[in-house]
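Chain naming follows the written order as A, B, C and D, and within any one chain the residues start at number 1.
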């Protein structure tokens, strides 16, 4: 049964991906992409990686959909565009590459081991109970630091492209809609609750800063979508401070560890440290993601013109 | 010490993000000076004491992430330090001009982030970490390329970014293949694995393609000229002097540390060499037929990057270690002298454009007597690019030619010879315009002292580096050879 | 082993489909979606390796790598989409070819 | 029992595949969006079944998130269609 399940998931992933690439209408491609995320998270579940499934659920179902949907904007009006030419010239090399890689995969050694055993051996030294969190925060903490840096740089890049000083300068007053207001009343408290729950879970079970941050970010985006002014009330200095807090926490850790123990990125053996990092990272991930979604170029002038040229 | 090279720029970037106005310039400049000093000290340390390895968080590889600093990394760090400092100096003046003022607040944080992540890619010793750092570099570089906000620059930036992302994805899949074969992510442990199966070969292929896309080797060069040509002058200087060197450095590391004995085949190396040769000729030819100053310089990057790839057939086919070192030195020399000369050219071009208000080659007439310093800078940097003695470019091309002859791969000699001629053609084309006097064109706006001098200093350094070849050879042969060969630092 | 192979094959197919979409589609949004499919393929490969490990537990290192990768990819996607919107705002189109203020070279 | 849960999850996945027909056919954008929403619901159910089949209770959190967050894409869709972004060229679609 398991095998059939794997096969079906694999085939449908490939089929949906192919449709996404080949479908004419952009809107359909985006809807299919949301479905693709769902199928992927079923695959993560099947492969016993609940962390990834949770992250994929949060990103794929929520934020990626909103980002793409917003970016699509007027574009969906260009229906039935001709499919790109040069089909075979491009398809055959890709097919060849796929065949080559598929052949290579047969050579994956049967006694492949990975780093799993080594991690479980070293786990007691980290004072963390859950191996994925231990890898993220301790063994490969440098990666996590830089990952927060990537988020931050993406926000800086968006500001640069927008030529805006602060995210709030580029935020639009969202249309107030009754249904949306009603939905957030229902969902927002739940989101905050679940965000906190995932954060708390991260120390000993699947969950953690990133997943929690995405859920909080979704809450923020939803607030804005429903036209709630509360996000705009946050002073822009605070906005900036919250945005960089996760990165700064690691930065302080990195520099202070140089001072007291001559070794980069070591951390004190204290629960407080883990808590601090997780909270700061969650907050800054949430704020950065909100900024990334909301920093959309003003829609009025440009799109009017765009629509004229397109039609 | 290597940690400071990452911490200082990152801290500076955050502070520049938080503070407004002139404080930002002061902080940015201060961080630039500090980082520069740190890179000089680090270079000195490695020169005297040999390579070092750090284990971050106190975890030994393969569990933790390591950082490795050897002669090769410090040479790149050194280049980044010099170019970074002078470009920062230049930008303080450049962005204080009225029409650029609003750009400064985006430039400083992104540039310092870029600097920090470039430094960290030169220390990288973990392949997944390399992926994350590369993304950091791509995003900040693409954002900087879009800084001027014109249509062309936005499109060029996005084209670059899509290509860079695709390259990263290929690299990531390559990481997966390597992990499947070996179960480790540390480069030096990977290098110790002796059996190179199809998985390793596929990983090599994916990573190489991913990285040459970012380095703008010949068939993937199309994104480079618009992206570098449309950005503001200091950004162009950084992009072509440093950013493409970041991915090239990673390519070198991966070929020499991870795959060198097991998987890297002579055929692939020859193919890379051939692409490099084509790139040299095609890029230089394109540079000759352009009419806009910055596009000429940008196409010239395509040509100069081609030289770097001649290293692969030389190192992976030749067996004599002495000539291998010669080829190595030639390649590193080419990297450094090209970085310095290209940054100087772009900054000088920025000065000219600032003074004349246009970048059409025709309207650059008359500048020789109005802007003698800038013209001199163009000439000096041109000398280094062409490879006239005693510049760094000359040493690079001379050693390249020597090792080509020693290795018996005669066809490669076309690159330094033809490439040199073609380079001379476009450099003289720029300079000849500068000396034509034309009464119809009235010239020129005022160019500030700092902007002129920082470009000039870069050009002078690109010449002076030619006198310091002994130290470079020492750094490469004594202090890194062991590391390049896949040995693990005790 | 079979599960590993099925998912590894799927991941390769996804990667290639994404690559095909990236090179064949002129529209920028579609290119970005294709890149995300490529990323999904690469992540799936890593996770199928994590599942395959001999030990009863799942290898946490690829899992952590994929988590990091997802964050990186969503940031990059958001940045690319912002550039796309800006381009559409200024040129009215979502294409790389359309470039009015660039003189012919 | 686990096989039973897995079989049911498989059945739901097949349901999703059948539902894809609606996404491809349309004919309206809203139809497609609703189909995607339906997948969200089905996905929640199959995740819950998988949590049972694989005896991994934490997967339920993923189901929880799906239930919570799929509404966001719809909100974005509604905002874009009903406030003058898509509508004018797509009147026959809405």
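In this text, contacts are C-beta pairs under 8 Å (C-beta built on N, C-alpha and C of every residue); 3 or more make two chains touch, one makes a residue touch a chain.
Only a predicted model underlies this, so the values are computations on that prediction, with no experimental measurement involved.
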If I rank A-C and B-C by number of C-beta contact pairs, which comes first? A-C
Central chain (by mean CA position): C
Chain C to chain D, mean C-alpha position gap in Å, rounds to 21
Taking each chain's mean CA coordinate, chain B and chain D are separated, in whole Å, by 47
Whole-Å gap between the CA centroids of chain A and chain C: 12
Once you find the CA centre of chain B and the CA centre of chain C, what distance in Å lies between them? 26
Residues of chain A that touch at least two other chains are 2, 9, 46, 48, 56, 63, 70, 72-74, 101, 108, 112-115, 119, 139-140, 143, 147, 150, 153-154, 157, 161, 303, 310
Which residues does chain C have that touch at least 2 chains other than itself? 15, 18-19, 49, 61-62, 65, 68, 72, 75-76, 79, 83-84, 86, 90
Note the residues in chain D that touch 2 or more other chains, in rising order. none
Please name which positions on chain C make contact with chain A in the complex. 1-10, 12-21, 23-27, 29-30, 33-34, 36-37, 40, 43-44, 47-55, 57-68, 70-72, 74-79, 81-86, 88-90, 92-94
Using the touch definition up top, name the residues of chain B that touch chain A in the complex. 3, 7, 10-11, 14, 17-18, 54-59, 62-65, 67, 102, 105-106, 109-110, 113, 117, 120, 128-129, 132-133, 135-136, 139-140, 142-144, 146-147, 149, 154, 173, 177, 179-181, 183-185, 197-199, 201-202
Quick one: in the complex, what on chain B touches chain C? 128, 131-132, 135, 138-139, 142-143, 146, 150-152, 154-155, 157-159, 161-162, 165-166, 169, 172-173, 175-177, 179-180, 185, 226, 290-292, 295
Could you pull out which chain A residues touch chain D in their complex? 1-2, 4-5, 8-9, 12, 15-16, 19, 23, 27-28, 31-32, 34-35, 38-39, 41-42, 45-46, 48, 50, 53-54, 56-58, 61-63, 65-66, 69-70, 72-74, 76-77, 79, 174-175, 177, 179-180, 183, 187, 190-191, 194, 198, 201, 205-207, 211, 215, 218, 221-222, 225-226, 299, 303, 307, 310-311
Sites on chain A touched by chain B in the complex: 100-101, 103-104, 107-109, 112-115, 118-119, 122, 138-143, 146-147, 149-150, 152-154, 156-157, 159-161, 163, 165, 237, 240-241, 244, 247-248, 251, 254-255, 258, 263-267
